[in-house]
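Residue numbering begins at 1 within each chain, and the chains themselves are lettered A, B, C, D, E, F and G in the order written.
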Amino acid sequence: MSVTDVVFILTAVVTVGSAVVVVVSRSLIYSVFSLLFTFFGVAVLYVFLGADFLAGAQVLIYVGGILVLLLFGVMLTHRLYNLNLTTERFQPIAGTLIAAAVFVSISLAAFKTKWKLVGDRELEPTTQQIGEAFLSSYLLPFEIASVLLLVALIGAAMLVRRRTDV
Amino acid sequence: MEYLREVLTRQVGGYDQLPEVLQIFLPMLLACLLCLGLVALIPLIAIWAERKVSAHMQDRLGPMRVGGWHGWAQTIADGVKLLLKEDIIPAQADRLLFKLAPLVVFAGGFAAFVVLPFGESFIVSDLNIGVLYIAAISSLGVVGIIMAGWASNNKYALFGGMRAAAQIVSYEIPTVLAILTVVIPVGSLSMQEIVKAQSGSVFNWFIFQPVTFLAFWIVFLGTLAEVNRTPFDIPEAESELVAGYHTEYSGMRFAFFFLAEYANMFLVSALATTLFLGGWHGPGFLPGPVWFILKAMALVFVQMWLRWTLPRLRVDQLMHVSWKVLLPIAFVLVLAAGTLALI
Amino acid sequence: MQVEAYAGEEMVLNMGPQHPSTHGVLRLELETDGEIVRNVIPHIGYLHRCFEKHAEKVDYPGVIPFCDRMDYIASMNNSLGYALAVEKLMDLEVNERVKTLRVLMAELNRIASHLLSVGTYAMDIGSFTPFLHCFREREKILDLFEWLCGARLLYNYNWVGGVSHDIPDGFEAKTREFLGQFEPVIAELDKLLSYNKIFLERTANVGIISEEQALSHNVTGPNLRGSGIAWDLRREEPYCGYDTYDFEVPVGLGEYGPLGSCWDRYYVRVREMEQSLGLIRQALDRLPEGDVQEHIPRRVRPAKNEVYDRTETPRGELGYYVVSDGGLIPFRVKVKSPCFTVLSLLPAIARGGMVADIIAIIGSIDIVMGEIDR
Amino acid sequence: MKRYFKDIFQSIWTVLQGMKITGNHLFTRSCTLQYPSVKWELPERSRMRLFNKIEDCIGCGQCVRACPVDCIYMTTEKRAKQEPPLFAADGTPIKLRVTQFDIDMSLCCYCNLCTYPCPTHCLVMTPEYEFAVQSKQDFLYRFAKEEPQAPPKPAPTPRPAAAR
Amino acid sequence: MIELKYYLLISAALFSLGVFGVLTRRNAVNVLMGVELILNSANLNLVAFSRYSSSGIDGQMFAVFVIVVAAAEVAVALAIVLTLYRVLNTVNLDRADVLKR
Amino acid sequence: MKQASEILQTLQEQFADKIIKSSQECIQPFAVVPPGAVAEICAFLKNDPGMAFDTLMCLSGVDYKGSKKEPERLEVVYHLFSMRHRHKIVLKVELPREDPALPTVEGVWAVANWHEREAYDMYGIHFDGHSDLRRILCPDDWVDYPLRKDYVQPESYRGMPAAAAKQFAQRAQEGEDLGTDPFSAG
Amino acid sequence: MNLGNLDSLTFFYPELILLGGILLVVISDIALKGLRNRVNPLLTLAALLLALFCTLQTDHGSAMTLFEGMLALDNFALFFKVFLLVAGILVLLGSLHSEELASVHRGEFHALLLAVTLGMLLMANSAHLVMLYLSLELVSLTSYIMVGYLRSDRLSNEASMKYILFGAVSTGAMLYGFSLLYGMTGSLDLFAIRDALLAQEVVGFNQVTLLLVVVLTTAGFGFKTAAVPFHFWCPDVYTGAPTPVTAFLSVAPKAAGFAILVRFFLSGLSQPAGEQWRFISGVDWPLVLIVVSVLTMTLGNIAALTQNNLKRMLAYSSIAHAGYILMGAVLLTGSGLKAMLVYLFVYLFMNLGAFFVVTVIFNSEKTFELQDYNGMFRRSPFLAIAMSIFLLSLIGIPPFAGFLGKLYIFGAVIDQGLYWFAVVGALNAAVAAFYYMRIMKHMILENDDRPPTPLRISTLNRALLILLLVPNIVLIVFWAPIDRWTANSITLFGGL
């Protein structure tokens, strides 16, 4: 087992383990904070996969943006100074069964399917490629994504505004 | 790191006979230690400087006793004191998160040092997404701050934590946009590439070019806000929130926050130096790393200067500055930089 | 206003009694909604030292050290009010030198008090340097006082019928020297703080006290003048011969926002320091000869009577209601404290602002808890 | 729109002005006094520690009456006729023996009211200001030289009200 | 060299955990966290396939867009959660039951 | 500007039966009014354009127990001032020491709110109709009214000693070995 | 023909106009404080009309892909573009005099309406998984906000929250399906995916994986079309949302969802073979969809039976209609596709009409309860008759347009020999008739004791109602143009 393998296994354990905490923990706050480790783990996996830009974007947006938003959501929707931010659970057995079924089927698929495989590629920085793709073949999605962000901005701003007039 | 490895291979006999694991890990470990040393040393100097600068601006002398000349050892003494102090955890606090928070905050600042180009070959790792990496890793601090604020189970701390998070998140946007004005002409996110693009005469530095000159100030202000310095220090505004998110911290954990704050000050100054002030370039009579640290320290000094001059803003004004002043200007600058790049 | 956007979770925040910016041991119960303050409930009394009860136990001169300790920032003015009240009760007239010395000290003390108020206000708003610059100047005044009467803060200087010490040799020159170097400091303060954009933004729009509110709450002193009412007891009900001096009564003009804002109150104080400088110069210029202790009665024993007398201290009208029973000790001494009345207005002007505004307002009304709690 | 730019300009301008001032102060002389290596020079009228020159004290009790916080405690006894006459420094005859003259400095409010009525000027406030002690009870300054004989039962505390 | 299937395994775990979270949690914010797990698992798949199954970077591009959309979605979702909280004072999905008559 | 005598005159005319006593001999002339009428009279004094007493300078309680020259009673004293006309007047209300009560003037001058709370705190005077009559300087659960002349300081408050501890000097007098002679030692 | 970015712009005018409209509305909402309430609707209407005009002007000729293969421009897409723009215009007009929206500021509403229309246009011609996902999310995100538009209203908020949570989960699942598909084919382009699937024999476990992909992606599309079992959100959201938004959701995103479903399954997972399509061997996805279809219409109709809230009843009925429409989509024939388009077209008018009557009645009555509709005939005969016509049309009673839709659908099903499928559909129609009739009974036959006060209807609303009534009545006569248009519109890029 090489060093890379060890690091990979560690990352995988941290990622999945913290994801388990996310969905199992009764404390909302612990869920959110362990989500941090999941996001980081996924970012490290991206690095393993040679997607360095994506790893950066993952940390920047998921940790810096989404996680903070979630934290705000948790804190603003509870008595702020109440430590017992617990959440009730619902149908744990059915949920476990379904999730297990999903896991089994997908992992079976992962192992048994003959995925399309291309030959081993050299890991190379992707930032430039991504930038070029944005301005060539992915120009339209790029623009549509910006429209989507605009709409989200307008909508979110409208929803949280309290007064009816501007 | 490659450089370090090279040096090790060259200087240390039998290095290449070591197992592969060690060959990889030793330079890593060494680099980490160097970084850690820097992260510990620079704040020590910065804290002492802050005390002296503030004192002289206020017609005082500041600490004069410990260590002889102008109390140079005062910070060390304080550090020792903090380390020896009783570690108090409030009874109602969330112990795990309370202990974790300073580490997360510190790790955020520490990890970013990895990509700082102190010199042509003095860089731990020249990531080709260096700038993005710094922007990303610094958001770790936000999470740590909220964690600290929440875990303390103190309303002031929580208030401070929430304020800090809101502030950092909203100032990150104009900052990153303004950084883009440098990235566009350089065409790379790598810190070394950006520094190399400013080689040659002093006027190749980005601060001496019209668009990036303005961008420099946006980056400066934005990062000033991100490290919670006056006039953007509302998260720890002592007249409102006592001490903000680290109200309940004492001893070593407090020292971590303190170190992280000053390390971050240096970090953002170093970032601005890299992006706009030509990094380690400078007249030849001094080596590159010295120039780099001098420039960054000069920016740190300006931060202190501002702090001891200005009052602090209110929350809504703070947001106003970010969203209605810096952001539009940053947008215009990015457009301008893009246009220039096209031409 | 877009302040509504900062609303969030409702909670009760307990500010004080130990808090960096409540100026002493004031406790505020804030009902906040995110950053917005929905209600403020002040709790006072943490510094209650039974001044009025003490005053009924000691003789008339013995009350003066306690008066000093009420508003410990402006002791000269506090004891002056009491001395004047008792003199009125005894129908005692002091000589001109005493009057002039009293004006001199009262005005020096006014500058010292305003320096502290302005300096701590700068610190409340987050600016540390002006605070220490103000303190540097204030120390010089305190040096003068120490030279004069041996104490830096609690002087016991104004006595019934006179003052405790005549000025030492060289005091006049030293004071003039101070005045000369102090004038540019005010200009520097203006540049460093008063007209700073951030400071203006923080203060010029918040904590508006309207004229009606001011009158109904008996707001006095610089706070009243900040609301644009040119009312100064030194001019309207002159004592110690203030009517013979030439000075202006600065009022708030609402230059940078609505009239009666925190900035107006702050700026009235800065302008008052300038006026005090002029008053001190005039007092030094005239300083008549005389024995400062010639009218001090051996035994202070006023006839049965009562008087309510008020003077203009740096914080506003300080009223003493002294009831004499004909004995050696006062039957009742009641103090109407200017800070007390203005603090009662705090909930009304703080409601709806943000947490940071509370700080700005408390700093701007310049309260001293020693005087409120007595 | 105009206001927007004016505001930005004003902010920058006033900030620069402030920075100029603080920058200048960086090079002005500091007003710090390096206590304790440099000591504060106190004027002669300084009212710090109380001192009673017990040799001159005639035990008149005026200071006790004047003190608003009752921090001076004095008990006296008549000197016997046969004892040799004593005089204070200014010539006032001392007719009473001061058996106890205690000043509780932890209570003293430094108002100086006790020193004025003193007929022999034996009670004075000195410019001595460094008198910190380890225990609060050490602030009880006992000036009477002779040990007071413990009376059979506690003597009533002299209070100003009772004195009149 | 780590094989593709291990990444897929991690992704499968994340996906099913996300589904589990969505199914068992009754707090809106918690459900959102489950959704984030699902999106992350899909992204991991995309990036892994981008590395092993395609010659271009299409998968990474897709992942970038997913990240952006996820951010927008969370922003809107939290805005709605906040608005609902103001009206209801709860974010518990079971208590938002006026619609279930 | 009106002389106090004129004001007293007007008051006499307006509220003939309600002015118990008025005095012009003392330094500041005053009128004594019955407790029931004080709010009414104050409202008149504030709103009448000729009077326009727009500020309440001071509201004090006085306890006349133990006075050699005055009968035993509680008194509430209102010092009024008119910013517009620059004249002043003093109103007094005499109250029994047992169960003193009178209507509030909070509605006339807002500042009366806190002044009345203080009078309540210190003298136990009840102001009927007051919006928030709580103790203001003392803790809410303090017993008795401190400024009454017959007030006895409690031994302890919530387990904390409230009366001053025995003074060092007294203890020394009782033979305890305390204190120093710092001057002779040094 | 594949066009590059710049060349594509010529065919992109409608979308560009809508984009410009969004920006103009946002700017005018900020800049024109006094006038904005008048200007914004006009701006929106102008943008929509202009976009419609440009769409009609677009060349009907050869199919092509735009923007480096991101979009497919073909007659199928054009049909949906026209359809969606018409729906947008009608909903805009219907929302103008809605009392529900009167209490809130509407600047954003118009911008959102334009944005959602833009998203749907893109949905109709996405030919790339990234575009598929993005346009779907654009529509979803905008609809979440529109559903929660009444911020202070508890129902609206609840609906919005349910909508966004279900939506996020189902699109997440869809995304996972996409990622698996990407892994199997190494491409994100629909046509490339098909080619890759054809190139490699889908055998062994790959069949299961493909089934997994179908199930997961159906979750995403099913969510948009409110097909069982992804319909949970539908009744709640339709009840909670402002009625004009409900009307919009019940028609436009549903149609766009069908467009995207058809394009994904036909272009991506099956192979054109003359008139008939052939699905790629391996997984029988049409069977999956048939089951979904049967479940959808049955469940929708049965649940609608017991409802007393009109909005909720119409919500269930629209689920049922989704089932009918799906019948056409899964046949893999040209005629099935055509039947689906015809059904959608008439559904637009009858369903919008029914919702619009509900809006008008709510304006004065403030209620959605069935009992409160008692005696409506006496109070406003016009409304009652109009409603009856819409309902009869929804049932599929001959003189009205709804009959045309049902005719085509059942015809196409029987053509394929799926008799049992047709029988299920017919039975469902009979069940549906029951509850539609119930509404009519309440409106016309039942009276309560109150004196009949006439209902006031604004002129605009009356005109709009008539506008909606006309197609319902005349289409049955002038069915030929519709037939021609839809027949023309079933040409998909890369197929038939």
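Definition applied: a residue touches a chain if its C-beta (ideal position, glycine included) is under 8 Å from a C-beta of that chain, and two chains touch if they have at least 3 such contacts.
Given the structure is predicted, the values throughout are model-derived calculations rather than measurements.
Looking at chain B and chain G, the chains in contact with each of them are A. Contact with chain B and chain E alike is made by A. Computed centre separation for the pair chain A/chain E is 6 angstrom, with centres defined by C-alpha atoms. Our note on geometry: chain A versus chain D, Cα centroid distance of 71 Å, whole angstroms.
We define each chain's centre as the mean of its Cα atoms; on that basis chain A and chain G are separated by 31 Å. Between chain D and chain G the centroid-to-centroid distance comes to 91 Å (mean Cα coordinates, whole Å).
Touching two or more other chains at once are residues 53, 57-58, 65, 72, 75-76, 80-81, 106, 109, 115-116, 118, 138, 141, 145, 148, 151-152, 155, 159-162 of chain A.
Shown for chain B are the residues in touch with two or more other chains, namely 57-60, 155, 308-310.
For chain E, residues touching at least two other chains, in rising order: 8, 15, 18, 32, 34, 43, 48-50, 53-55, 61, 65, 69, 72-73, 76, 80-81, 83.
Residues 53, 55-61, 64, 305-306, 308-310, 325 of chain B are the ones that touch chain D when the two sit in their complex.
Looking at the complex, you find that chain A touches chain G at residues 105-106, 108-109, 112-116, 118, 136-141, 144-145, 147-148, 150-152, 154-155, 158-159, 161, 164-166. Remark: chain D residues 7, 10-11, 13-15, 17-18, 21-22, 25, 31, 42-43, 45-47, 66-69, 109-113, 125, 160-161, 164 touch chain C in the complex.
Residues 2-3, 5-6, 11, 13-14, 19-21, 35, 122-129, 132-133, 136, 192-193, 196, 198-199, 201-202, 354-357, 359 of chain C are the ones that touch chain B when the two sit in their complex. Taken together, the chain F residues at the contact with chain C in this complex read 26-28, 54-58, 60-63, 67-70, 77, 79, 83, 86, 90, 109-111, 113-114, 122, 135-139, 146-147, 149, 151.
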